Amino acid sequence: GTSAGDGTTTLNVFAAASLTEAFGALEKQFEAQHEGVDVRLNLAGSSQLASQINEGAPADVFASANEKNMDKVMDAGGVEGRPQTFATNQLTIAVAPGNPKGVEGFADLAREDLTVVVCAAQVPCGAATEEVERATGVTLAPASEEQDVKAVLNKVRLGEADAGLVYVTDVTSAGDKVDSVDFPESERAINEYPIAALSSAGEPELARQFRDLVLGEVGRKELTRVGFGAP
Amino acid sequence: MTLRAEMKLSRGSFSLSVALDVPEGTVLAVLGPNGSGKSTLLGCLAGLLVPDDGVVTLGERTLTRSPRLQVQPHDRGVGLLAQDALLFPHLSVVDNVAFAPRSRGASRAESRAVARRWLSEVDAAGLADRRPAQLSGGQAQRVAIARALAGEPDLLLLDEPLAALDVDAAPAIRGLLRRVLRSPGNRRATVLVTHDPLDALALADHVVVLDGGRVVERGATGEVLSAPRTPFTARIAGLNLVAGTAEEQGLRLAGGGLISGIPSPDVVAGEPAVAVFAPGSVAVYPASELPEGSPRNTVAAVVGALEPHGPVVRLRTVDGDGWAEGLSADLTPAAVAELALEPGTPIRLAVKATAVTIQPAFGK
Amino acid sequence: MTLRAEMKLSRGSFSLSVALDVPEGTVLAVLGPNGSGKSTLLGCLAGLLVPDDGVVTLGERTLTRSPRLQVQPHDRGVGLLAQDALLFPHLSVVDNVAFAPRSRGASRAESRAVARRWLSEVDAAGLADRRPAQLSGGQAQRVAIARALAGEPDLLLLDEPLAALDVDAAPAIRGLLRRVLRSPGNRRATVLVTHDPLDALALADHVVVLDGGRVVERGATGEVLSAPRTPFTARIAGLNLVAGTAEEQGLRLAGGGLISGIPSPDVVAGEPAVAVFAPGSVAVYPASELPEGSPRNTVAAVVGALEPHGPVVRLRTVDGDGWAEGLSADLTPAAVAELALEPGTPIRLAVKATAVTIQPAFGK
Amino acid sequence: MLWIPAGLALALVVLPVVGLLARTDYARLPELLTSGASLNALRLSLVTAVLSTVLCVLLGVPLAVVLARSRSRGVRVLRAVVLLPLVLPPVVGGLALLFLLGRNGFLGYLLDVTAGVRIPFTTTAVVIAQTFVAMPFLVVSLEGALRGAGDRYERVAATLGARPWTVFRRVTVPLLLPALGSGAVLSFARALGEFGATITFAGSLEGVTRTLPLEVYNQAEADVDSAVALALLLIVVAVVVIAVARPRALEGRP
Amino acid sequence: MLWIPAGLALALVVLPVVGLLARTDYARLPELLTSGASLNALRLSLVTAVLSTVLCVLLGVPLAVVLARSRSRGVRVLRAVVLLPLVLPPVVGGLALLFLLGRNGFLGYLLDVTAGVRIPFTTTAVVIAQTFVAMPFLVVSLEGALRGAGDRYERVAATLGARPWTVFRRVTVPLLLPALGSGAVLSFARALGEFGATITFAGSLEGVTRTLPLEVYNQAEADVDSAVALALLLIVVAVVVIAVARPRALEGRP
């Protein structure tokens, strides 16, 4: 955070792209509560954000979509205190509205007549998918292993794929353009979102306050609204 | 193929407006000062420029009928030697020359053979494998001539073909063009732009003289060059021409007389020919004198007209012994005064044989 | 600035090896057949080609000393008129001509003024605002000449400056070049490539003749052209030259005699000049005959040598009345036989005044 | 004088790459090079990039000639249209291709119903996506060169009786070679580096559609250092292909 | 003959865009156009793309001339080096810039310590990232055109006494204008569409570094349709800038 000449203070919040909607709302609330503070969201992939922070980016708060990238920053000594989990997310099956192919559960995804897309193993949703596969003993033959979960969702939305493994939040934000088929095994791979104030923060106090807002009641409400689970 | 063209074209402040006819198998020479529209005329005939208005026909085909019909250059059967050689820089010399035959469908080997033949015609066989960038100016010009001829076009357009050539190459190429353009079976029409009246004389049946985009003079080559009616033509030409039949040492006249002269290399004894000599080389004597010297050609004549012509006086003769009719002689004013010449004075003309060249004539 | 050059260069199978000197304020004409290395020579002098070996100095400066020193073209103070006009297509005509003064530091207005002056010198003032693409071949050539001259270079290199010009423009430009190159204060060295001996005669102090990349003949212009020693030079030249002082109607000889002739436009009465006429225009009479006709110039002489020269016999005279010494006359073999000419025979020569031109001579 | 900005330009391009080289974990290179995933990706990248470059040249050169030589008004508009894929964010480009060739797309539906062909998620889709993004580079760079060069030699060829196709083959293309070389290099490079459109239109499946840039992204998620190392592999491959395999002819006349 | 491949090429480029247009949710356009975030991003995109195009031209033209006209051996290597940013996946390019100019980077550290200047996460960083990725397009396309055109006019200029800088300014550049126009369009387009290097090196801060492609990416997180609509805005802007603002001079001689 920096203090500009006109008296406003800037708070730089680095947040995973999947938090765009929720943090957009929280930004406004925080600014309303803190006169003269301008919250700036830097939204990108968690791993990009981690690289940026480690290369000296002027970040005050980091909200990651998984623990691995938070660990990278922590290992480099960038985190003040301990990161805290503020949200969770779990997998669901996205299908076309009305579920025309009649997908019932995770095991159905192995059906030969279905075009299925999932996330690549290196990204969190892909790791979660692998875990579920291991737990259920079902082996998928996806048409594509996408780089991020939005890509999976888009394939389903555009009718290119019959089913895709995505997060609950993604289905929520897509509204009525896709339907979801929940499956119990998703409990086996819950994804956790950690947040931390950073040691390089120019405004450590404000950074802590923003973190607390996310972790607190207000944050909880916004996050739930877009589909995140409680930690 | 007979070429008939009648066209108008404006380019900026310049406008071209010409009508011309080139009967099958003949050559039309186009003379004119710089910027008079000679290259523009060729561009229109080649199809590179589109006349604003006009009709061009070649044989039975209509090439241009403004504004609706405009046959594309590649479809016209023309060959254009432009003022710049513009050899294709990426092709060897032989492939440059082979370009036209190859474009007309010959195989690679055939067209190369044709190209080599033409290259040796222009005395450039040794350059076949070079790139155009490795040629001198005159060498490039010779290759460009070969390239234009190798396509055997129905309509051949040559823009100053002998520019950049040295004293040995120019007559050789002129001779080649004469062979090609005047060969018995030749049915093509040729338009030749030149600054040199000798080229016109050696190659063309007819001449048009352009000035400011308009035809200011036209006619059979001999007539235009021997009796120019415009100052420009007079400056470049104004030659004495006498027709007859070629002989070993000169020209046999219809009336039986002989004019001694130096035959040009492609004259054939017994064929129609013409003796050419400049008015400046005609000496005038009083009719009574009969000098016996080296001038082999002497003839009696009568002074017709005397006109000042720049620093000299041009005398034109009327009747006389056969060939003395209508000759020109340039004299200094002092000579005119001393010999007391005036219209009607009988005189004797003398022309040295070495000042006379014998050129083949185009009988028509 | 005196130019001294001695260089060797190989280009493919061709190799150039010349040494030459052009004293300050003089013009050297380079003659030679196509492909003899004339343009290559100019390229080396301009710095566009790097000799394999050699030294070029201009005044006190060394321009090339192979292999270590090679002054860049822009630093040489040269001006090159190349064989292609190569006007800058993106600049108007006036800016093309203004390019050199502007590059040498003149302001835009100044250099345009200079350019307009040169354009009107070459009679192209009306073209100033055109693009090069809108010029005819001859117009472009005139602009290129103006562009080369406008830089006022110390070393001027002209490659066939009069190519592509019409009969009116060529003498006008020749006159311009004469004014520029021969003006009293002129200190530059000029090398002029040409195919026309008249250009050499009108413009150059010295001539070198190249063949196959080597100098085969060199000397003062008059000497080389009147007594050529190689067949090539003989074919392009072989003129009779007589020196004297210009007069209204001809040339006054040192011995007092007068040769009548047509003065070329830039001859000034009272200045040194030279009478030029072709051997073919010299008539030969027995010494006893004294024909009284239009030929204004008659002189007694003695036959020196008789040599066959292609289809004619070239007669060279020995002594005689003043100017008859060492003249050439071309005769047919028949004339030689009839007049029973052999070395020692006294003869009389006659030359028509209209066959003689009086050119300014370069006194040195 | 020219050397100062030229040097700056070079520094801007070279220094970051040097920085990259300095930070690379070379110990990891051998391991990466021998991993099946990297090699698969490398092979796929090379094959598809070469194929799409060939397609770009075959289709793009005629388009460039038509655009540069035509004098009609409409061409000005066409010229702008050709630029569209250039400014389209690659992901949107991929979407556009899906809209056209996807299962529900106009052409894709037709193909599926009539021929049973589905393009997305195949290697063909990769080639199409790469061609789509790379073509404008070829066309635009050639067009600039074509206009600069003018058409004098083409006119000469026409007066020698060469029909337009012959002129194109024997005059236009040979004279264009240096520019064509540059254009081909540009489109090859663009195809080789293509990411967004490929992943959106073709997906990412090892050995079928996961090209090297996609693999780099995957690696970057797991570990930046190994992604950088993999990117270096991409660079080396590109430089080798471009600098070594580029035919001498494309270098232009000496 | 030429029209067949040219038409195919055109179809490949145009049809997907048409597909995009057909699928766009036009109702959303007005709303997007009036949202502060989009307008901010649009303004930022235009400013930075124009700035980096100018930088590309100022630095890239001399580099292209030096590369095309030099005859030394080393140039062959330099030419390959200039291509590097072309094949670098943009994200890796961004990392490379970060490694060089970041606070811990070699130059970045120097700048920070000596002048107190920090480049990443500023608009300057956006311009640098865009210039880095766009420069090779300009250089390579110009170089091809330069070789194709040869140096005859430059030699003539030298014999008229013009020093190299004058030759460059008064002959090389004017004759290069058509190719320069194409090259500038290419680099403008590349800069305008730049995403990966920008987000990595400059981050995505509204009004400072979030250009239109980054905004599109953000929108896509929420809703693909509005992202597509935003991409259309990008296209329209690009076409307007390129087709309208491109000076007539760059069109080449008539």
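Some points to look at:
Note that the chains take the letters A, B, C, D and E in the order they are written out, and that residue 1 is the start of every chain.
Going forward, a contact is a pair of C-beta atoms (placed from the backbone, for glycine too) under 8 Å apart; a residue touches a chain by one contact, two chains touch by 3 or more.
A quick note: this is a predicted structure, and the numbers were derived from the prediction, not measured.
Contacts with subunit A and subunit B are shared by D.
Least step count on the touch graph, subunit C to subunit E: 1. Counting the residue numbers that touch the partner chain, subunit D and subunit E have more than half of them in common. For this pair, subunit D with subunit E, the centres built from the Cα atoms lie 16 Å apart. If you average the CA atoms of subunit A and of subunit D, the two centres end up 33 Å from each other.
Subunit B and subunit E have CA centres that are 59 Å apart. Looking at subunit D, one finds that residues 95, 99, 164, 175, 177, 217, 220, 224, 253 touch two or more other chains. Looking at subunit B, one finds that none of its residues touch two or more other chains. Subunit A has residues 48, 51, 154 in contact with two or more other chains.
Each chain pair that touches appears in this list: A-D, A-E, B-C, B-D, C-E, D-E. Against subunit D, the residues of subunit E that register as touching in their complex are 1-6, 8-10, 12-20, 22-23, 58-63, 65-66, 76-93, 95-97, 99-101, 105-107, 128, 131-132, 135-137, 139-141, 143-145, 147-150, 164-165, 168, 175-183, 185-186, 189-190, 192-193, 195-196, 213, 216-217, 220, 224, 227-228, 231, 234-235, 238-239, 242-243, 251-253.
Contacts from subunit D toward subunit A in the complex involve residues 95, 98-99, 102-104, 120-121, 199-200, 202-206, 209-210, 214, 217-222, 224. Subunit C contributes residues 11-12, 32-36, 38-40, 83-84, 130, 134-139, 142, 159-160, 163-169, 195, 232, 235-236, 249, 260, 262-263, 279-286, 289, 291-296, 311-312, 329-332, 334-335, 339, 348, 350, 352-355 to its touches with subunit B in the complex. Looking at the complex, you find that subunit C touches subunit E at residues 46-48, 72-75, 77-80, 82, 86, 88-91, 99-100, 102-104, 131, 133, 147-148, 151, 153.
Residues of subunit A touching subunit E in their complex: 12, 14, 17-18, 20-21, 40-44, 48, 51-52, 55-58, 150, 154, 157, 173-174.
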